[in-house]
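Take a look at these structures.
Each of the two complexes below includes chain A, the first together with chain B, the second together with chain C.
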Partner chain A sequence: MKWMLFGPETGIFLAAFFFLILSMWRKPNPARDHMYALVLSALGVAVSLACVGAEGFLFSGTYRLDLFSQVFKVALASGLFLIVCLCASLEEIKKRYRQEFYFFLFVCTLAMMLLVSAQHLLTILLALELSSYSLYLLVTLRRNEDMGLEAGIKYFLTGIFASSIMIFGMALLYGATQAVYLQDLAQVMPELMNSPAAVIGMLLIFGGFFFKLAVYPFHIWVADTYQGAPDQVTAYIATASKVAVIAIVLRVISAVDQNSAYLVHVLAVLSITSMTLGNLAAITQKDMKRLLGYSTIAHSGYVLIGILSVGTAGYASAVFYALALLVMKFTVFLVVVVVSPRGRNLEIEELAGLHRRSPLLALALMVSVFSLAGIPPTVGFAGKFFVFMAAMDKGLFVLVLIAMVNVVVSLYYYLLVIKAAYLNVPRETLPPVHLSHPMRCLTGSLIATMVVVGFYPTPLIQLSEAMARSLM
Partner chain B sequence: MPRFEIKGALSMQIELAGFPYLSAILVTCVAGLLVILLLPEERKAEIKWVSAGFSGTTLLLCLYLFFAYDKSKGGLQFVEKILWVPSLGIQYFNAVDGFSLPNLLLTGIVFFTGVLTMWQLEERVKEFFALYFLLVLGVFGLFVSMDLFFIFVWYDVSLFPMYLLIAVWGTTRKEYAAMKLTLYLLAGSALILPGMIYLYAKSGLHTFDITALMQPGTFTAAQQKFAFPLFYLGFGILAGVWPFHTWSPVGHAAAPHSVSMVHAGVLMKIGAFGVLRVAIFLCPEGWQYWSGVMAFLAAFGIIYGALAGLRQTDLKYVIGYSSVSHMGIVGLGLSTVSVEGLNGAVFQMFAHGIMTALLFSAVGYIYDRTHTKEIGELGGLSRVMPVASFYFILAALAGMGIPGLACFWGELVVFIAAFKVYPVRTVVALLALVVSALFMLRVVQRTFYGPLPEKHAQLNDVSFSLGIPRMILAGVLLLFGLFPALLFDVIETASIPFMNGLPR
Partner chain C sequence: MIPFWAQDATHAMALLSTLMPLVAFLAIMLGTRSKEKLSAGLSIGAVAVSFGCSFLLLFRLWNLREPLEYSTRWVALNTVEIPFGFLLDPVSLLMLCIVTLICLLVQVYSLGYMAGDPGFSRYYAFMSLFAWAMTSLVLSPTLLQLFIFWELVGLSSYLLIGFWYEKFSATQAGKKAFVMTRAGDVSFLLGLILVLVYAGNLSIVEMNSPGFAGLMPSTMVTFAALLIFGGIVGKSAQFPLLTWLPDAMEGPTPVSALLHSATMVAAGVYLFARLFPFFTLSPAAMGIILFIGTVSMLLAATMAMVARDIKQVWAYSTISQLGFMIMGLAAGGYFAGVFHLTTHAGFKALLFLCSGVLIHTFHTNDLFELAKGGVRRLKIPMVALAVAAGALAGLPPFSGFFSKEAILAVLALSSNPIWLGAGFLGAFLTAYYAFRVIFILLFPPQTATESSDQLSGLPSAPKPSHHEGSSMTLIWPLIILASFTLLLGFLQGPLENFLVKEDKHVLLSHGVLGAWLPFIALFFALAGAGLAWVEFGRQGARQVGFAERVPFFRDLFSQRWYLDHFYRFFVDRVVDRGFSRLFAQNDNRVIDGSIDAMSRGTLETSRFLAFLQSGMIQYRLLASFAVMVLLSLYFFF
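The block that comes next holds the complex of A and B.
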């Protein structure tokens, strides 16, 4: 029954196929389609959970299943489910595209699931491209076509540029090592860590990942794409897609890096630039989604600290941070999606009076924003703390200090968001925000998750550590 | 199919010495917070009674702890230990000693009286008390925690509610003040956190437990000299150490009364306490090395606060600058590296906390009636509100260091200890105290005596029920002024063994 190992992927693939058929055969019916999507994505979570224990290799060793990949698949399936929860009224997307929207969303998730298990350079490339192309299309689906198209083209052009860089890197690496399997690379890399071809090839491959992760200097698309894409798609890019890329970066780096000083230095520089640039640029933003875009760049910088602290502790902290990001970024986007005025992006000023219009949403915004800023007792703080601990174990004191200074800088714009929601008085009185009961429960449980896991992170830490060990 | 086992998620190692009173305090705060959150917004009276009930309970628990603490035994008591994150050596470790006990009592008193002081609040009552409880939860947590990780967590928990408390309910330039205060204080945490993780990594003990890390020989002298300034500046910002004090008068003036009370009364003590508990406990050699600089900054703060206070026209700014000056005395005490200095510093923390709380509480009453804090627009108030004036004048006299009130002992002991070590700096600082007495007297004279503006002629004096919080504070000020040994006996159980344990 080796195919059972392939459960989550099969499930999501069938769901995507279902939407493809649906879009050809049936007229769109938003409520029904949303219900289908909800049920199928929930099933996806269930199947992924059932397959958490799976372990082994598939497809002649190009595909690896371990605790690391399987837990990330659960995270991705949950991310998909959460995003589908936000799609109850997809006003940003024309009715006739709704089914295709779900199709691409499921395909993209499938691609990311393939990505976290990929063990062969070509598998990595294929999975990454499949997810990228689905996202390029999703971004352009916005009703306001100018915005969507601009965002999509920017994303697409920088994306294919990054892919070509990555392919070039793979070619260089193959030339230097004659290996395409990660497990083979792990064998030959230690001797080659000082050969320019291997190191440059490695870095170019990481360039492709860093494009998806929005690390400087591959971040140019982020703000415009976040702004132009439909809110749900932005949320998806900011959560699930980031988690998947962090996973593959960890998988590749754990296979090839044997404490190469070159790589650590390059990554440290990229991390510092990303944090600083992201945080400084975010200060001046007026559009909520642009602000979140720049904060994503900063967060990628923090994650990189965990990644470059090579070793179980560093990888575990990066995994923890990735899972934390999924929850806290999603919560912010939940507020953005619900509060956004129809057909436009949410400006920060338009959050004014939120504490009157919906105390629950205001609380969710406050907790998630403080979590993003890394204020205890939230999961974001725990994540930062463990990342910094891993880095300090490697003696990177200055890096941690710079990161903490960045945390203080970022606090400024996060506080402005909170100020808008709790303090500013709206120009005209706005009606209360209506939240359905399931959405209330979802919001409440997200808040509880962030605080409880922030205060008692032990189970999640143990999980991350087990995942990091399964990686080595 | 092999399965991965995640062990230990459910099996916790717990070590308790009797009933967990310290956790009970924290749980009471959390419970109060939750009850307030669940009450509907409109039921303002119930929210206030609930707040008073829960804060009163914490005060009773603090009082019990203060008197149940075994002074003959000393050391850490009421220990609660739970292994929190085994793989990283994080423990939920609470205990009290002679240093934290006075601060715990102080927090209980200020918390309870602060709730009573805000009894007439009508605007966004629910959110106010919820944030207020969160703030105090952090303060309590920090005073009882003996684990670096939790100290940092509680430190930040006590800071971020300040932003909203000031920005929403504050007065003078509130948004500016709130942002400045929050960024300043969290900038402090940007030094503290790397410092903590640095010590964790260097110790090799794989623990955040302060009692384990403070064993002599854990850190080399060079490491201590490096880490000490991180903690001293990080926590010192919160303690109003010159030249990082500028957030403090602005923040005090802008905050609502009870938040000013907690802020000046307790929050600034967290800073000084953090310097003591983390910087001095873990880096004693760094402490001895940097003590001259500490004394210099403290003396400068005393002088600067006094001189700047002389020029202020806003009542709350006056108190804010006097806080800078008084916290300088705490810093001076800590910088002496002596038993007397530590005794005096901790005593002064307590006394100053009660005194400023009373000052802000009294100013709060006056401001609510006259709607001004400008000294120039006030005058002759003692004729229309003699009782309210009495509280302010009493606290002002305490601030001047009049014998018979608590602050006298703290200042006296600190200056005696400091004079032995830093004669010049101490004499200069003593001169500054004369200035501070001058500016307090000037404020008292212009606000409470002299001609009474006509628009204030019809004001009511403080009623009995509204006067309760001020009575409590004034009573405490007198009690510890007349019987300072009550407090000194407790502090000595910690300071003498600590100084004896120092490598010389």
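The block that comes next holds the complex of A and C.
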């Protein structure tokens, strides 16, 4: 039964279809819809977990199942589930669009699941576009239409621009190699490392990924889109979407890159520019989501260090970092979603007094921000440590040094956030934040995950290494 | 690979005995801080489980031949591997039992002592933190793990000394303890790094194995041993880092009993015993250590002779006794040192807990005030105090007699008689100050008792706040510890068999003095006690010690040989005005200046970048495209 291998995708597809039908036949009922979404996304996690062992090829070799793809599918399904947990009150989205909101969310997750397994250039392109188009629509769903529309259009324009560059790259690559399957590319690329068409084609294909990953020079949408999109959508873009793209970048680069000095240099330049630009621009931000947008750019820079340290160690560190990002970014957004005032974005100043309004949320914010900043003993520290170790093994000392300087710069704005939550005196006393019991449990377990994995990362490292090996 | 899963029953018990207090600590800090009874119950329950497990372990492994090691990888990278686990051998099992037993008794005792304190739950949380750190320290298989818990123990000590943080002197004492022990820890860490450089790992079993001498040149062994001993000096408050311990008595009395006498300060001596074979590789280091132990023992004993604060007396005596243990170990008496560590833990905890009852009842630490208040009416605590003082003084049949005699026997074997002489002098001084306290408390001057009887109706006289007997939670631990003090000495034989499996340390003779040694030791102890009787006990005694009559000695001893003055002078003149000034100037002008310039630059860049972001989308896309073109062109260079 080969179709069993396709379980997670089928499950998410059926769920998306269910919401499509629901939106056509039934009047919106937020509480009921949210419950459906919770149940369906939880089922999605369960099915993905059940399919972790699957291996093989589907659809005449265009679709590959291995440990790498299956674990990433679990991560994506969990990301979806976590985001749905935040959708209890979708204040920011018009009531009549709420069913479509879930529909697009599930479709986007489906597309990303396809992406992490894609083995054919066209599959990659299709999956990438499907996920992008769902996101363009999700971004514009915001109740305050001006904000959402501006964000959506900037996102869309940058997106189609990046896609066109990517398609151009694919054309060049195909022209040079006559190959469209990644496994074929892996065989011919070593001889073509000096052919401009092949290598530049490669770079342009990465351009399309870099748009999604928010790497310089395709970062221009990030700040505006993060700011303008509904909080939950921003959270989704920052977590699940990043994880999926890191996965596909790893898959492509592991197939084609045979230690090309040119690619390493280019990626190093992009990585340095992204980190520096993201961290510097974040310092003066006042809007919390905008700040997180710039910090995302910086984190993409760190991930690139792992990716360009070609080899199992580098890939494993990138996988570890991607999974760590999922947890820590999500925790920050959980706080943002819960604390945000109605109808507008959360300013950093408005975090003042959070430790009195909700000690648990303040703690969650502190741990996750420490984790993003890379302070031990959190998972973020472990992630940065392994990325830097992998780069050091490759002899990229200067790159690591620059990254370290960047980490120090980033501490400034991260600590400002914590200072706001713990030390600043609020201008007006706000009522305590109410958290439902399931949300309390979720927050607590996220905090525990970040700290425990930070203390004892060995199992996750072993998993990442196994995943990186299955790529080869 | 499931790392924390127990491999067998022994491993499970070791896990339970170390991790239960951690669970209690987390539960109290996270959940039950507002519920005092529940917090105390959790903490006591947890430490009771660890106590039970550690005794089961002791019985299970009584006939253990080889050290039993369980370890799991904590962090594993390509080349770096940091193991974590347990090392079970006789000395660690014995220490584990001592620690958990005293933790349990002290926590039960604290139920009564700390009742009504606003920080009750916090107190139990810190106690659990300490119990976790200490038990894990004791069972550490590598020096790295030991060092981590060593620092955690230091942290919990700091938290508990400054427990009454609203009191200025308490926070000062906490800080002093932390800083002075840190000074020792730096040396310890350097020693660890030195060993790591030569040996490649920090496994205790490997450091103690006979093959270790081949890994390091002998001068380096001496150097590393002395650096590690620096840590011991800090933790066990030996000369010259000894002045923090008396100040640490600012904490609650049960804390002083647990941390600053019976267990935590003994961690230094424990480490010495743990690495005993390693230290024996360097006779030169052992000589220096013997000297430092002796100096600490005598210095602290003289300080104890003139102190008026009852807790201060026991604090000095702790330093002195730890010095005595180190002398025993350094002279080659592995069993003697560990045995004295064991007995000392019992009777010193008893001394503090008894004093705690007195202080709790009369609200004063001053010996003479206590005597005036009429402490002699508290029967059980006074009897227990006398038993413990007897043990401290080394009188038979109390446990202290046996262990002291064991150490003196080792000292008698050394070629230089000066160490034995110092030992006898120490025994004399110890008996003197121990019985000085007892006699002052038991026989207040006649006039004072009369006046207190006459004034008993007046509010100014210190009056007992509780009725005699206090609460039973205060008394029971005293009775248990007193019975231990009585019995432990007779277990010398079995314990020696347990600790020293081979017969290599058995003493064949008692050196020059032969079988007379115990009697000579007893003579010195009795002489000390007798002198105390003449000066403090007999009818009409002036209650002024011989040292107090000479102003020079009185000042010297009560000012702790001016060690604190010396530190202050040193810190003021050399560190503050010398180094710090230079560094401060460098800091202000060079570093701050450049950092300010840099951060201004960073902020400006940030504003500029943010400004760039707000441009029109088509120009930004154009810029992106240009960058991609440039990057592609780079291929041709």
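As a working rule, the second predicted complex is superposed on the first by the 472 of 472 C-alpha atoms of A that agree within 3 Å, B and C clash if a C-alpha of one lies under 4 Å from a C-alpha of the other, contacts with A are read in each partner's own complex, and residues count from 1 in each chain.
By our rule, contacts are C-beta pairs under 8 Å (C-beta built on N, C-alpha and C of every residue); 3 or more make two chains touch, one makes a residue touch a chain.
Keep in mind the model is a prediction, meaning the values are calculated, not measured.
Q: Looking at the overlay on chain A, is there a clash between chain B and chain C, or do the two fit?
A: By the criteria stated at the top, chain C and chain B clash after superposition.
Q: Can A:67 be said to touch chain B (first), chain C (second), both, or neither?
A: So A:67 only meets chain B here.
Q: After superposition on the shared chain, which partner residues are touched by A:389: those of chain B (first), chain C (second), both, or neither?
A: both
Q: Where does A:456 make contact in the superposed view: on chain B (first), on chain C (second), on both, or on neither?
A: It touches chain B and chain C both.
Q: Look at A:376 in the shared chain and tell me whether it touches chain B only, chain C only, both, or neither; answer first, second, both or neither.
A: In the superposition, A:376 contacts chain B only.
Q: Does the superposition put A:161 against chain B (first), chain C (second), both, or neither?
A: Once the two structures are laid over each other on A, A:161 reaches chain C alone.
Q: Looking at the overlay, does A:223 come into contact with chain B only (first), chain C only (second), both, or neither?
A: second
Q: When the two structures are overlaid on chain A, which partner does A:397 contact: first (chain B), second (chain C), both, or neither?
A: Only chain B; A:397 stays clear of chain C.
Q: Would you check which partner chain A:303 touches, where first means chain B only, second means chain C only, and both and neither mean what they say?
A: After superposition on chain A, A:303 lies in contact with neither partner.
Q: In the superposed arrangement, does A:182 touch chain B (first), chain C (second), both or neither?
A: Neither: A:182 stays clear of chain B and chain C.
Q: On chain A, what residues does chain B touch that chain C touches as well?
A: Looking at chain A, the two contact sets intersect at 386, 389, 393, 456-459, 461-462.
Q: Which residues of chain B touch chain A in their complex?
A: Chain B reaches chain A through residues 1-4, 6-9, 84-88, 127, 149, 152-153, 156-157, 160, 163-164, 167-168, 175, 179, 182-183, 186-187, 189-191, 193-194, 197-198, 200-201.
Q: In their complex, what parts of chain A are in touch with chain C?
A: Answer in residue numbers: 153-154, 157-158, 161, 165, 196, 199-200, 203-204, 207, 216-218, 220, 223-224, 262, 265-266, 269-270, 277, 280-285, 313, 386, 389, 393, 409, 456-459, 461-462.
Q: Spell out the part of chain C that touches chain A in their complex, as residue ranges.
A: Those in contact with chain A are residues 1, 3, 73-78, 602-603, 605-607, 609-610, 613, 617, 620-621, 623-625, 627-628, 631-632, 634-636.
Q: Quick check on the complex: what are the chain A residues that touch chain B?
A: Those in contact with chain B are residues 53-55, 67, 355, 370, 375-377, 381, 385-386, 388-389, 392-393, 395, 397, 400-401, 404-405, 407-408, 411-412, 415, 418-419, 422-423, 455-459, 461-463, 465-466, 470.
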